[in-house]
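Each of the two complexes below includes subunit A, the first together with subunit B, the second together with subunit C.
After this line comes the complex of A and B, so read on.
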């Protein structure tokens, strides 16, 4: 309807149409990072550095923040373009195209694997009789409905869900604190020297991925100069959640026991009784809340992938790609035979992605500085 | 357009009765001869029996013929007898000196000196002459003159102002809108004694010619918004508007959504409160429900009482209502999910009680839930349609006998009856009927999802629901403002109603021209923007 758009422009002064507010931008970063990783992260992060892992997480988090800042800095040089567009301008059609293709494929695969991890968990905990394929399809259909919308819908949903994503984590942290056995947190530095901590730092850096979808978001932000500010806000809440969760998991279970738990964060909820008598065991409740975190992570990544491919192949509307990519993401999600294969692929993929993202960020940034390229600030 | 239909009818009649089509244009004005005018009127109105044509002579000696035309049932007989006929027949044209004055310019004389009528128009277009009686006015035609008088004699039986049926409050004004257009606009005007209140009329409906008023406060409401509302209403082409619901459905943004995107209220105080926030009200003749646009979701969970009581009480009640909203939406689905998929969530003793209650029931929990929920909807619908005296009987029969009998016949478990009762009570706590009914509707898909996937399905359903809500718009305003897109300063009036002194600004999403709405003297941070 024509008249609707008129009112939108007039009332909103073109400010919010097809745009993200800064708060939505931060919400997208946080929600994309907080996903399936949180469920397994206390186990994976502590495997090499033991009780010293918190140092590794802190350093890994700092590195991630640094990379995010560079990504935003690079993005702000081309305020009206995404990485797909300026990548081609900075290099050439082929190099830029291949990098963009790899990036979008990675998003698509991660999106599928996140759904798969969660579906496996549902299948082994609360939906024992439901086939894993059906769980995946239900989630995929919901996500399809989600990505139909414009970026403003994506932003609003992320903004709305941030509280629901962070709530179960805070819940687990608060109720977990009193169950900690302080002795299990010792020695604070891990007691094995610096090498395992460095290894753990790298692996924590891998598991913090998700913020790289900022590559695509910069052109949509309303107030560009607030991007740094809200980028930091967006990345700190997941980092804080990771540190707290790891700390508490180690304190409750101890390093050795933690390595044997497939879903440590879930076990955390199991050992903490719910105050009051209305409900007894809350893991079903917790998992249900976690659906939202999985949904935002996977949905945001799927949306990024679609948006990236749309720009890469110069398709007019991103909606065109939703249905062609649906079978692809489904097949990617059901491909791994079991959950250990999923974790294996996930690890491989994050190593690959971390290398890709760091390289691409610095590569593009250096080229942009050397060739002094900038986007049109006015347009 | 609506006005043209009367013109069309006039044209049609005229072209039928005259052989010469060239005369058509000329005849659109009145003729000088009373007989011709009357003939024309009779032709156009078509000799309806409720149309009264009263022929008489001005004064007793003047000998000028005249006629009154009005429609019985729309006029106040007292006014016609006392204020129109009496001066024309007896008082004014009897004295000789006046008669001389009168004859020189009878139109001016009648207009200025004769009628004791509050609203009088001199017209010469046939269309206006026809429109008069149809709206309850009386038309005076005088032989030898091309002008006619349209005299306000409106007066018909109407319902008096009474307490709103659908939005009762304990503390707050008791007056509600009625079916009469002018009474309704008057109720709004009585609460806003400021010249900036604008009430603009539009006639809509090809046959019903319904009066519609667009009310807003000039200098406060966003002017583009006013234009948009006017345009959307003016674009409506329909043969009849019988209720404001017609307008609502024709101007809303998303026609498929179950959620109301236009707020309808029976309460003048709520209309005024919304006008003062920078919204626009639409009042429709024949409907006791005024419309308010643009709206956000939180309006539907508010009640005017939230503001009339102190903020702690108001906030508490509002939190309770959000809770009720959530219960009415999810409780049956949650019950199904827990019983069928996650029985470990319930404490052991409660689980045993559940199992004991369900042991005699032959159906799975979801069948049970669907049966009871459908039965409840049936009862509700039945009690609305029945005459009031029988309606309460249905309530008793339904709630007590059917529930009790179903339990003792082992059709449903007692817990299911409790769940359904709580859900129903919760849905009554939602102040807006359209919203409550939307939640009642969405409850069923959620129950189906819970049947299929347990809590996972329920959460997926809620996600889909929120994606839908986030994408909805009412006149360009996102439906979930100020939650998503978030506006921290406006969140003060969503779940918690903050005290007045902390809500200094009007809602920003309405882009009002004058943002300040509350200021206290000696207040330092009066202009601070919380954003």
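After this line comes the complex of A and C, so read on.
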């Protein structure tokens, strides 16, 4: 094979429709994880383990990383298929179908709830008089436009927007560092033994959900060998962001005050003065960036849900499902009556999702090994 | 034709959808509040109120038209530039609703710099009165909370000669004192954190007013969210040294050689460590403090180039500072029973196992002991030897 044909083949590969580069793959994982979680994370995570939460986040993050690795490993056994397709091959039409249906429904619901949480936050902080429905509709319409593209577009958008998602979080961390009271971070182990930390580990595992859309992405990656590598890269930036945010919030507010704040991360930005009084009320600036974080999270999840349903019901094009599912996602988003209900549903849904994802991953993986099933090699 | 028609239809329909912000409110349509005062107001017997005590809210509004002076004009000062308007209600929210009825623009809290609460209100517990503010999205938690000795509205109605905007004057007064390390830096957020925290009790700045002077007169000591006592200027200095954050103010001691002359030391730097340990049934706190100071003034001409004499001076300053510190400690422990230094916080941080056994830190705090180890170093003597 001469070099010209190699180059030609590479060009072909690049031009091929619907392919994700590895960086885009990492970007999708990171952006999907960094969403509504960042807004409420410091409060929910510290409620049981107190100052020892950082250990819980580390363990929870490690577990998530482990599950992600299994997901990628499973995906690489069937390099040309998504979970919807190999699920049916591994079990049968009914079991695989039901599992896929549950997964897609979960993605749809979480996508709606993420929008709802953000809309609630906007409604209680800066857009006080705007009806929450208007905020939700505005975000939904943008997302509709976003998911019309195929996986290539999703990848590019995520790669491009990653910097806008991570930048405000890192900036908030750096602004907050000097306001920390070190004594509020002690004792580093939480001081209440191992049980609360284990409880917090479970709840932190819930908060990291979002990486499971990798189930659908494996067939689209160009260089499959690098999936592990970039999977790790994708999951570490949200992990790092979550640990730092929790750390700083505890250092500034202390555990007891943190439990009373509805939007701890926003409060964090509010109480960190910008040096030299150059800007005041920085939170509006941060909120405008958070729109992007929520947009990518919810958009990616909505896209996954649509893609899953398309493959499940063997529909030709995923665009067909966008408009039929739009009223569903809207109704799901406006369903909770108040913010307490939103948080309650969010907790229930993440418990359900964590159980679902862990069981499905290991169930399929074990079956794949036992029945020695393998997909077609990457051509 | 059809295309053109639908295009026109869209153009005509656009104004229906694009209404702009229906809740648009420009900056000149807002009543900008600079400071808030909270008082109690007794109802007159026979009036139709069913409560004997009402909350009186005094809001200080900036008058923007008076503030921006053109070239050659003198800007409005003091009383001219702000308007204090008050209203009563059975709680703060009610008072705000009543206040709103007296304003032509909507109440805008985002620029409130100072919240003044009268001593009388603070003695009843402040959380129920400030909850409206902590819950409000506009209100900034970096504002200052101030307790007034008399009525809060009197503080807001006092106009010092240099105050362009009275509320800003209070704000700057506090920030300046904090910068000089003579006042603890307790902002609104810090106050609420400490009033919730079980290991530390809050303090707040206290002010009083007479004539056209507003004066920083001490700090209010709280137990939980209730005011239980106060400390004066010199006690505050010892308190912030003991709590270990600021170096405090000055110390006046007698001259080593003569009883008539006095020597003034100004503390410039502090390094303090508090270590909790278990001792029998209670806790012992080992306080280790290194204070650095400069010699500010010397009333008679003693020659301190003599090393022994200088050591003696340092020792005298140390004894004086330590004595005052212990007095302050016993006052907060025995008299006020409020852990404003944060000993509980330290037990929680360094002895978590012991902290978990404690059911009520307040009971425990009455028994704890301290041991102050102190050193004073005078680093500078000024221009005149």
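To be clear about the criterion, the second predicted complex is superposed on the first by the 356 of 379 C-alpha atoms of A that agree within 3 Å, B and C clash if a C-alpha of one lies under 4 Å from a C-alpha of the other, contacts with A are read in each partner's own complex, and residues count from 1 in each chain.
What we mean here is this: contacts are C-beta pairs under 8 Å (C-beta built on N, C-alpha and C of every residue); 3 or more make two chains touch, one makes a residue touch a chain.
Remember, it's a predicted structure, so these values are computed and weren't measured experimentally.
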| item | value |
| --- | --- |
| First (subunit B), second (subunit C), both or neither touched by A:124 | second |
| Greater residue coverage of subunit A in the superposed arrangement, subunit B or subunit C | B |
| Which superposed partner A:145 touches (first subunit B, second subunit C, both, neither) | first |
| Which of subunit B and subunit C A:153 touches, first, second, both or neither | first |
| Partner chain(s) touched by A:281 [first = subunit B, second = subunit C, both, neither] | both |
| Contacts of A:186 with subunit B and subunit C, given as first, second, both or neither | second |
| Contacts of A:370 with subunit B and subunit C, given as first, second, both or neither | neither |
| Partner chain in contact with A:270 - subunit B first, subunit C second, else both or neither | second |
| Contact residues of subunit A, present in both the subunit B and the subunit C interface | 126, 130, 281 |
| In the complex, subunit A residues that touch subunit C | 124-126, 128-130, 183-184, 186-187, 189-192, 253-254, 256-257, 260, 267, 270-271, 273, 281 |
| Touching residues (chain side subunit C, partner subunit A) in the complex | 22-23, 110, 137, 140-142, 189, 192-193, 196-198, 342, 345-346, 348-350, 352-353, 355-356 |
| In the complex, subunit B residues that touch subunit A | 222, 224-225, 228, 231-232, 235, 253, 341-342, 344-348, 452-460, 463-464, 466-467, 470-471, 473, 475-478, 480, 483-486, 510-511 |
| Footprint of subunit B on subunit A - complex, ascending | 1, 3-4, 6-8, 10-13, 16, 21, 23-24, 122, 126-127, 130, 135, 138-139, 142, 145-146, 149, 152-153, 155-157, 159-161, 277-282, 284-285, 287-289, 291-292, 295 |
